[in-house]
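Here come two complexes built around subunit A, the first alongside subunit B, the second alongside subunit C.
Entry: the complex of A and B
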């Protein structure tokens, strides 16, 4: 009984220690290119953490999370360029809109099981992409250029340094981790894992499977949209191609799959390995090697599913219930 | 006498052209252990699933604790006090034994700490406490059956429904299973069990209901039921002769 509490406390301490270390890294790493990779790594760690809530814990594999990412980015960018609304409100608004859309989409799709659900998520995200691609008000295929109004936290714009973005991404990552940590030992967390393992048994024990999935989808979409809003501010130019393509959906799912699906640390571990690898291959190979990173993803998926279906975390402890800690 | 805890009134279930249950009316009084028996294809599992709320009957009503539950989904029936186990065990394989039971305990406990305490009590009661931190998938089959019962008991049911939970166990395991069912009844829980193994069920149950070809054939004391000519011809005849 106590080993459980101890494990949770140990996770929390480890996370705090890692956060402090991550906060100190920019003092030693001044290279802008490397800082850029670090920002993306933290962002994808958080996004994958969000994806993991629905895909990992609740077992509803989504390959359409680019939709929520794009909605977060577009809501923020549109509100700022058209109405002068500060990005922070756009970020929240995008989160709420995404959560509502996730609920609306969940209503029909959560009646689907297995492969049909995955296919539905891909198709819906593709429809979203096409809608934005043809929506003139939102810049259609040209996208939205977010005008520079000077560096400030209020407008969440920084042209001279990447550090503010780095620290925001770090906080975002910590918040996503902490929410997962907290949910893990909550009613919802237990319901989700039960729904993933066996929906019929869950239902027989009083778990309303449909509502559980809806809850997971809403939280997951909300957090994903926050990431999208952040990304819009970070790159200050968005178009459907840069925020809503299938590749983003993959990039949110893969770190969790690589690190350990449905685990607390899987998304972080996966992102730390996968994102730098992607960015580095891209820059080494340059413009002509477009698509090589995709080949890498494919290779990663194949190797993981063959050798370690539980993800890399499975290498460290075969059993999550930690035997060494008791007493 | 007071109203029965569970009652089905004229329940029918058709699957296309197949009639799985026709006009089945049974009742279970509070505190009883009732056995639902019959040969393969008699409609036991269908009736069981109708009561558990897996699907609504084509016709007829199901009453539990004075309420019409015919149209309620399984989760709501669980909230009212109907808990079940599955014939083919459905553990939450990637979760630990204790976490499996906590899922059940959450329906009556809002706080995680209370649910955890309840789950530990139930594991103790079912003799699974030493396995609490194991993953469900690492349990041996008889332990998995026990986990099914533990999980159901954690929902603090009034009626516990056991679907062939003693089938396929070694005689020794089955005997300790029987002891567990008796212990459950002593805590005031009513038990409705579907079973195949006559030798085990008959001494255990207070009353047996025999289904055959979707219809209720006979019901009564187990000793009377096994002597009933219709029951012998329908099902028990050969088996019983071999067993005796």
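Entry: the complex of A and C
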């Protein structure tokens, strides 16, 4: 138990150090293009962290998280453009709506297991995508163009600089990390890992499996929606294709899986490697329009998932990453 | 259309359901089969109807090779094997799409004048497009052959046994890799059949597979994993539901009906209609 406490303290110190370093980076990196990539990296790290709570710790593989992301983005954008509600309230509102919807959807879906569950999550998100695609009030396929009302923190709009977005993304990423860190040692964290390893055994030992899954889903959906709201403000234009597709659900899970599923640092590591790689290949060799970037990207995913099935995090620790927590 | 979904789903069912391997590159296999048909037609003027067996054979080899080169290793993972398979095949899907863009360009293509293309036939006053009818006929034949194959031959039984317990079958002298490679080949050959037929009346482009892949997964799950018959029945149901939804809702929402039916079925019966796992 002692080493567990030590490890947790070490994680916290490491995270604080990394956060301070990340906060200083913009003083040295002035290039807007690079800053853009950094914002996206932090956002994906946070989103993947959120996905990891349900998919990694609790073992409920959801490939429909684009639904919550889209709900967060749309709630914020709609409230702002139609009613002038400040994005901050929209962000919270989107989070609450997503969490409630996750609970409502969890009620029937958490009885399903294995592939049936995964496909149900995909299908539900796809229904959401199609509904938004045909919902005229929300701009249907054209989406919503968020009007520029001047730079301010209150309206969470910044046209001249990307730095405010960078710092928000950093805080968001730290919060997501900290929530995961905190939950890891709470009774929920232990319940989730028990549910993941063997739901039947967990149930017999008094873990209410169903409630544990519901809790994980609500936290995960809430955080994902915050990410969606942030994204809407960041790009100031959303449409169903850009925030709600199946591809997007996979992209949220990918950093966690490549970095180390069900681990504290996996999503961060995965995002730091994956997102810059995606963006750089896209802009440097994707311009030909002939899919070379896709070839590389696909090949890297295949190679990593075959070579390091436990995630890249395994390279850094002597013990297998997936077992680190239980010891 | 339902029968074609059935055929597509049976190919996937064989890989996904019977061998318990998630294949997210299924749609890209279909895309490849459609391109094969297209190029056979363009360069050697082989009519799609004749090239279907050739495409199926080509896809058989392709599927077996993919298993030996990639999937075999994905199945070796100890932890979170499901995710490894999902993302290895997802990576493969992106890779194949990229390669298709590179070599075939992203242009939409179609087979201009095939023997069957655009013809209709009148049965009791109802006009039906011939290519779809031929597709349906091929689907039924292929399904019958596969059903017989799985239930009556040694190989079919070996395949089922290997999924159940790979260690035990090794003891009786069955090589797991050989059986699964053949299974992948067979599954891919079925996709080849479907692709050959579909190339006649669908546009061919690098992303074409994505639109069918999800429906194929839903079909397999609807019918229930581990059941070839279930996948076929699922295909027919999906086809009917799609046609019905298209009459009630705007065409862009036609898939919603399929998804809703899937959810209803699994909420009532968590193993799909005929599933055993």
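In this text, the second predicted complex is superposed on the first by the 300 of 327 C-alpha atoms of A that agree within 3 Å, B and C clash if a C-alpha of one lies under 4 Å from a C-alpha of the other, contacts with A are read in each partner's own complex, and residues count from 1 in each chain.
As a convention for this text, a contact is a pair of C-beta atoms (placed from the backbone, for glycine too) under 8 Å apart; a residue touches a chain by one contact, two chains touch by 3 or more.
What you see is a predicted model, and the numbers here were worked out from it, not measured in a lab.
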| item | value |
| --- | --- |
| First, second, both or neither for A:302, with subunit B first and subunit C second | second |
| Touched partner set for A:280, first subunit B, second subunit C, both or neither | neither |
| Subunit B versus subunit C as contact partner of A:29, first or second or both or neither | neither |
| First (subunit B), second (subunit C), both or neither touched by A:14 | neither |
| First (subunit B), second (subunit C), both or neither touched by A:254 | second |
| Contacts of A:194 with subunit B and subunit C, given as first, second, both or neither | first |
| Subunit A: partner with more touched residues, subunit B or subunit C | C |
| Where subunit A meets both subunit C and subunit B, residue numbers | 262 |
| Residue numbers on subunit C that touch subunit A, as the complex places them | 16, 22, 70, 73-74, 76-84, 86-88, 90-102, 105-106, 206, 214, 217-218, 221, 225, 250, 252-253, 255-256, 259-260, 262-263, 266-267, 270-272, 277 |
| Touching residues (chain side subunit A, partner subunit B) in the complex | 1, 3-4, 185-187, 190-191, 193-194, 196-198, 200-209, 262, 319, 321, 323 |
| Subunit B residues touching subunit A - in the complex, by the definition given at the top | 52, 54, 73-75, 78-79, 83-84, 86, 90-96, 99, 102-104, 106-107, 110, 112, 116, 120, 133-135, 151-152, 154-155 |
| Touching residues (chain side subunit A, partner subunit C) in the complex | 61, 63, 108, 111-116, 118-120, 122-124, 126-127, 130-131, 133-134, 246, 250, 253-254, 257-258, 261-262, 289-303, 305-306, 309-310, 320, 322 |
